[in-house]
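Written out below as structure tokens is the structure these notes cover.
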Amino acid sequence: MIIGVPKEIKTEENRVAVTPTGVAGFVARSHRVLIQKGAGLGSGLSDRAYEGAGATIVESAATIWQQSDMIMKVKEPQESEFPLMREGLILFTYLHLAANETVTRALLERKIASIGYETIQLDDGSLPLLAPMSEIAGRLSIQVGAWCLQAENGGRGILLGGASGVRPGKVIILGAGMSGAAACQVATGMGAYVSILDINPTKLRYIHDILGGRLTTLMSNRSYRLGFDSERAGAEADFPLDGQTHEIRRGVCRHFHRSRRLR
Amino acid sequence: MIIGVPKEIKTEENRVAVTPTGVAGFVARSHRVLIQKGAGLGSGLSDRAYEGAGATIVESAATIWQQSDMIMKVKEPQESEFPLMREGLILFTYLHLAANETVTRALLERKIASIGYETIQLDDGSLPLLAPMSEIAGRLSIQVGAWCLQAENGGRGILLGGASGVRPGKVIILGAGMSGAAACQVATGMGAYVSILDINPTKLRYIHDILGGRLTTLMSNRSYRLGFDSERAGAEADFPLDGQTHEIRRGVCRHFHRSRRLR
Amino acid sequence: MIIGVPKEIKTEENRVAVTPTGVAGFVARSHRVLIQKGAGLGSGLSDRAYEGAGATIVESAATIWQQSDMIMKVKEPQESEFPLMREGLILFTYLHLAANETVTRALLERKIASIGYETIQLDDGSLPLLAPMSEIAGRLSIQVGAWCLQAENGGRGILLGGASGVRPGKVIILGAGMSGAAACQVATGMGAYVSILDINPTKLRYIHDILGGRLTTLMSNRSYRLGFDSERAGAEADFPLDGQTHEIRRGVCRHFHRSRRLR
Amino acid sequence: MIIGVPKEIKTEENRVAVTPTGVAGFVARSHRVLIQKGAGLGSGLSDRAYEGAGATIVESAATIWQQSDMIMKVKEPQESEFPLMREGLILFTYLHLAANETVTRALLERKIASIGYETIQLDDGSLPLLAPMSEIAGRLSIQVGAWCLQAENGGRGILLGGASGVRPGKVIILGAGMSGAAACQVATGMGAYVSILDINPTKLRYIHDILGGRLTTLMSNRSYRLGFDSERAGAEADFPLDGQTHEIRRGVCRHFHRSRRLR
Amino acid sequence: MIIGVPKEIKTEENRVAVTPTGVAGFVARSHRVLIQKGAGLGSGLSDRAYEGAGATIVESAATIWQQSDMIMKVKEPQESEFPLMREGLILFTYLHLAANETVTRALLERKIASIGYETIQLDDGSLPLLAPMSEIAGRLSIQVGAWCLQAENGGRGILLGGASGVRPGKVIILGAGMSGAAACQVATGMGAYVSILDINPTKLRYIHDILGGRLTTLMSNRSYRLGFDSERAGAEADFPLDGQTHEIRRGVCRHFHRSRRLR
Amino acid sequence: MIIGVPKEIKTEENRVAVTPTGVAGFVARSHRVLIQKGAGLGSGLSDRAYEGAGATIVESAATIWQQSDMIMKVKEPQESEFPLMREGLILFTYLHLAANETVTRALLERKIASIGYETIQLDDGSLPLLAPMSEIAGRLSIQVGAWCLQAENGGRGILLGGASGVRPGKVIILGAGMSGAAACQVATGMGAYVSILDINPTKLRYIHDILGGRLTTLMSNRSYRLGFDSERAGAEADFPLDGQTHEIRRGVCRHFHRSRRLR
């Protein structure tokens, strides 16, 4: 099969769908890999590294879309890429179609065999292509939140981890999934006073087991999705963190705005 | 010198002033030690163990008071012991005279050379004969407080350490001295949410260093001795703990009453 | 469906089967909920809170039993409630019938559709309605055991967590299930020297992973149910804890008696 | 004595020299306290709180400077304040004169009795008015550094604490004093790989004791003040942190620039 | 069934296949157990203990092989034992046949019903008879590696755990299975700087959860079995540890040789 | 001053008295430093590094002893060095004269101004030139002891840190000084069950603070120097460790022999 990897064109997207090691894996299984010139630069991966792994460097995105059996990307196709999508093409990328009618229609009209990374599921129900992103989002959210709480950044002037003799900030995390659990680890590590809510007692118990007396786990009586607990959390916490968000940059912005609004 | 150790007669006092090892130390330095029959039983130390270490077992307390150059006790002399105190005797025991005018007058009238354990001080200002009692009092206070919070014992029905999905109790500890610090260790170990106040930042910093994110250390702006913070603490905490108390059994009672009163 | 919640009448049972949040959940799904006046008071839940959530407050227990399709309780029906049970009624409560022939016969004779909370099982074999009780029982058992070891409470005069320079108590926990594991966390947190036995190496490994060098995990060669290890444990430990017990108050008593007997 | 507290006028300085509790302390010792209207607002302290504590609110800074025996400030006098300084006045504030010839000359010319907070020293050589600032600076430096390492903030795109499967950032901290030690705690808590250098083995040993296997302590063979180790550290670490800096905002800027320069 | 347990004859093998408790279990299920005289001595288990549990002590190995329906051993049959294997016998022991053609042929020729301990698998794919050996091998490998790094044992003169002011050794562990994870716990506990690689993110996440900031978990891009990462690891680490090895003594030797070779 | 550093000649002594950085320090203060060719090789320090730091490399030891004002060594002078010691020379090295009459006499006869590293004391009574050696000795003793307990090394076949389901070894450490405390950290880190005895409650309290529930601290009633506790410890522990020993290699041997003897 010919696998094509065009350079990402969505704003602020520096990632690339395949690493040179990944290329080598495909080549070892007799596939051909076309990589657009400079596709890996945003992630510090040179064209030479890809060539060394057996990829063919291709100048134009159009050529890649045209010659490949399957396109691997990071983000959903952008409008300027729609004309490049031809019937029968396999598209393997993050899609998140539920929130994006335009792309959904474009894929249906052009009869693209689309597989969203976010839908790949293991037998135990886990989502292996979302998990690493969620974990990083969770860890990142706390350090961004800590920064946003600083007075010079427009925050309340609270040092999230406190200090000796100084009360730490309170963090309330909604959802004990991958990103919520990761956020717990960073927030407790920094010294914040952390509560985490979920409706799943098994997840709370695991977090209680590994972080012990360092945080409070709370059963969420009503789904926080209804905005109930979340309102109250917003009033109590220095910044609430929605453990379900997977979009790092947007998540960061939301926290920023929230912490401002809560002043 | 002849050292006498009568059996303690104050209610609920099971301790004894000297262990067999201590006796052996005195004997090795050429002193004689008289121990009242059964003096060590409340602490699990048999007359035989004392004899083996070189002590002489004496049947009556009166004989010991009469023949000794120095009397070693645990508690201050009780009224029934006053007639046994003769001029020139050395008395080495916990005295806490500030709170006890009767005993003070008795010691002065009989011209006893009295040395209170609680006044022995090292060069660095520490109180080596109070420290172990304070540490035990601090550790004990939390487990007694936890018990008092149970509903069947008349408490609020709070599990001090919480559980997965269940909010832990809040403990506010006033004073980061020996017993306050010891209480912190047990309370954080059990999983409670602990705050500790002191006016000494160095003591708070040390506790912050060794217990990290597991508790909140707070500078006490006004002396809590004036009852200011203490009032507020009483309103906020599930049970406040005065880190200064050294009297174990009485301390326990006070917590018991407080936790009832706070319901 | 009409769901009825009578006030518990068993001695010392302060719990209530449904919280106001639970009521709201039923109401949102178009059920009707009848709550006996004052049913939630023992748990700090007012009639007003239940009304706010959509319940109807009913004065008499008999009316509730009579008008409901399903009765939700905490404890098994008491003898005075037997006459209230009519054929066809659904009863959802803790039953523990194995140990209670009288109740079993009453339910069979009256043809009650009985569902014991303790029998609800998830696909992975876990018991979600027993787990929280077990976890609390396990955590509670240690703080009660610690209290029972104090000399003034009739114990051996051992401070369970020890102190600097003072040997901690030894705790041997039989069974590494939910309550045994929870007991481990509190006992190690207090500073006790803890051993836990089980015949399931996977459970021991998990406890070893999360509590590391803080305790000793031991394979139980023969089932401790046969009283073999348990006898030896009783001789070695300051108090043995049977990790299988789920009855909190009774469990507490047993420990109390054991620790007395072992003196 | 009349103690005057003018509002701070240096850019971005939101602090105030005395809290209402501090005012109450002065008043209790028979001093009079003049506070400029709105002086505490930047720290969330209202004029009413000061009045409640016994202070007199004064509209103009000039009046305060004129009527007070001692002026308490946070920052050194600004040029616009020089004309307000009259001979014989006591000035109690952070001065840091070594770095500020203009202020030094102004104080000498006007014969002000100046006491720099930073020069107050306890018997054991510690600096109680610098310590809390240093501790906060140290803790803050890591969270700012973490933020600066994010790609969207111009950094290397490194998540300081790493994640499962992802290498954490390396932090090298120069100096194991108050701020260096505080930085260690936050950096190790976030999951970074931390090394700390000092020429004082006792300080390193204490940090090693409390943070154990979570970091590497290193003897600095040559003073890092000569720029020797610091250069090498700059090359090795994701961001080096000078544990000696006490100026929070400036410290933050420096790290920001460094992390950019190191890319 | 008659179960026979001959004494192990492979060099340096001190284990025995069944403990007295195991014997009691078989006997309770109506089997007969024959144990060779002295079979348990290498593990500190006396013939008397076996007799007490219901076993029959038999002088000669040949008799046991001849009279038993099933032979339980620790190691694969040695050449001197081949003639004792008769058709139809059941053999239950560690076999590891993949690496041993001679034994495989002997078993086939003699038509032995052979069950290798290493092939027993639970429903979840875990290997209960390998796990304990792997865990011990992992823990042991680090303490042997630490010893091998000492200068007087021919190592690099590195103290694996470092000291205050002294850089710890670097350990790179290949594979986060049972023995790799166990090695992590000992290595981080000693204070080493540990990295662990695996291709399974779930295993890495669990280790990251329980050991937090104490180590670095790394995704292995290419299988380290191909010798790729392993080479690089060998160059970087003070000693690399292959987390897959189950042969303790041989594993030890390999580390020893490697650490010499790497000097 | 001319400072001479001869190569160490005592068996198995690989250390060197001064590092190149130390040389640079002396040179910067206008001293001259003579280093014997190859003196640093045992510690991985090349002649070139010393030259680069400003030292003069000298071929013969005799020349160095003859031309220097002060000789810096690691170990006490060996008999073959006695003739090189001339009146008036300053000798700065580890001496431990109490145990070595021959060297003491040689130094007195030759009128050498001898300063033992082990006698350098700071104002607070600490011994800065012994502390690092003691810390390393303490950490090393545990890893050597762990190795000695392995069956193939002649030990009892005990895995010091235990495993899940397997009882860890017991370590009893006599003396909570520098090496005893360091040994505690490694032993608890490996998972052993550790007790430490001392007659100084302050030292025990500090270890209890930093290692919490991971070990037992015990007051030593009689000095363990009298062999009393030490005997009992020997009977109870898997290996006792004398926390006072500073001689690493000899300490190691002793443990080895003890653990054999105790089998």
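In order of appearance the chains are A, B, C, D, E and F, and numbering begins at 1 in each one.
By our rule, a contact is a pair of C-beta atoms (placed from the backbone, for glycine too) under 8 Å apart; a residue touches a chain by one contact, two chains touch by 3 or more.
Just so it is clear, the model here is predicted, and its values are computed rather than measured.
The chains that touch subunit A as well as subunit D are B, E. With rounding to the nearest 5, the Cα superposition of subunit B on subunit D corresponds to a rotation angle of 120 degrees. At the far end from subunit E, in terms of centres built from Cα atoms, lies D.
If you match contact pairs by residue number, over half of those in A-D turn up again in just one of B-D, B-C or C-E, and that pair is B-C. Chain geometry summary: the mean Cα position of subunit D and that of subunit F are 41 Å apart. Averaged C-alpha coordinates put the centre of subunit A at 56 Å from the centre of subunit B. Counting partners per residue, subunit B has 132, 135, 161, 163-166, 185, 188-191, 201, 205, 209-210, 212-213 as the residues that reach two or more other chains. If you sketch which chains touch which, the pattern fits none of the simple shapes: not an open path, not a single ring, not a star, and not all-to-all.
Pairs of chains that satisfy the touch definition comprise A-B, A-C, A-D, A-E, B-C, B-D, B-F, C-E, C-F, D-E, D-F, E-F. By the touch criterion stated above, subunit E contacts subunit C in their complex at residues 19, 21-22, 24-25, 126, 128, 131-132, 135, 185, 189, 210. The touching residues of subunit D, when paired with subunit A in their complex, are 12, 14, 132, 135-136, 139-140, 143-144, 146-147, 150-152, 157, 159-161, 163-166, 182, 185-186, 188-191, 249. Remark: subunit B residues 161-168, 188-193, 201, 204-205, 207-209, 212-214, 216-219 touch subunit A in the complex.
Contact residues of subunit D toward subunit F in the complex are 201-202, 205, 209-210, 212-213, 221-222.
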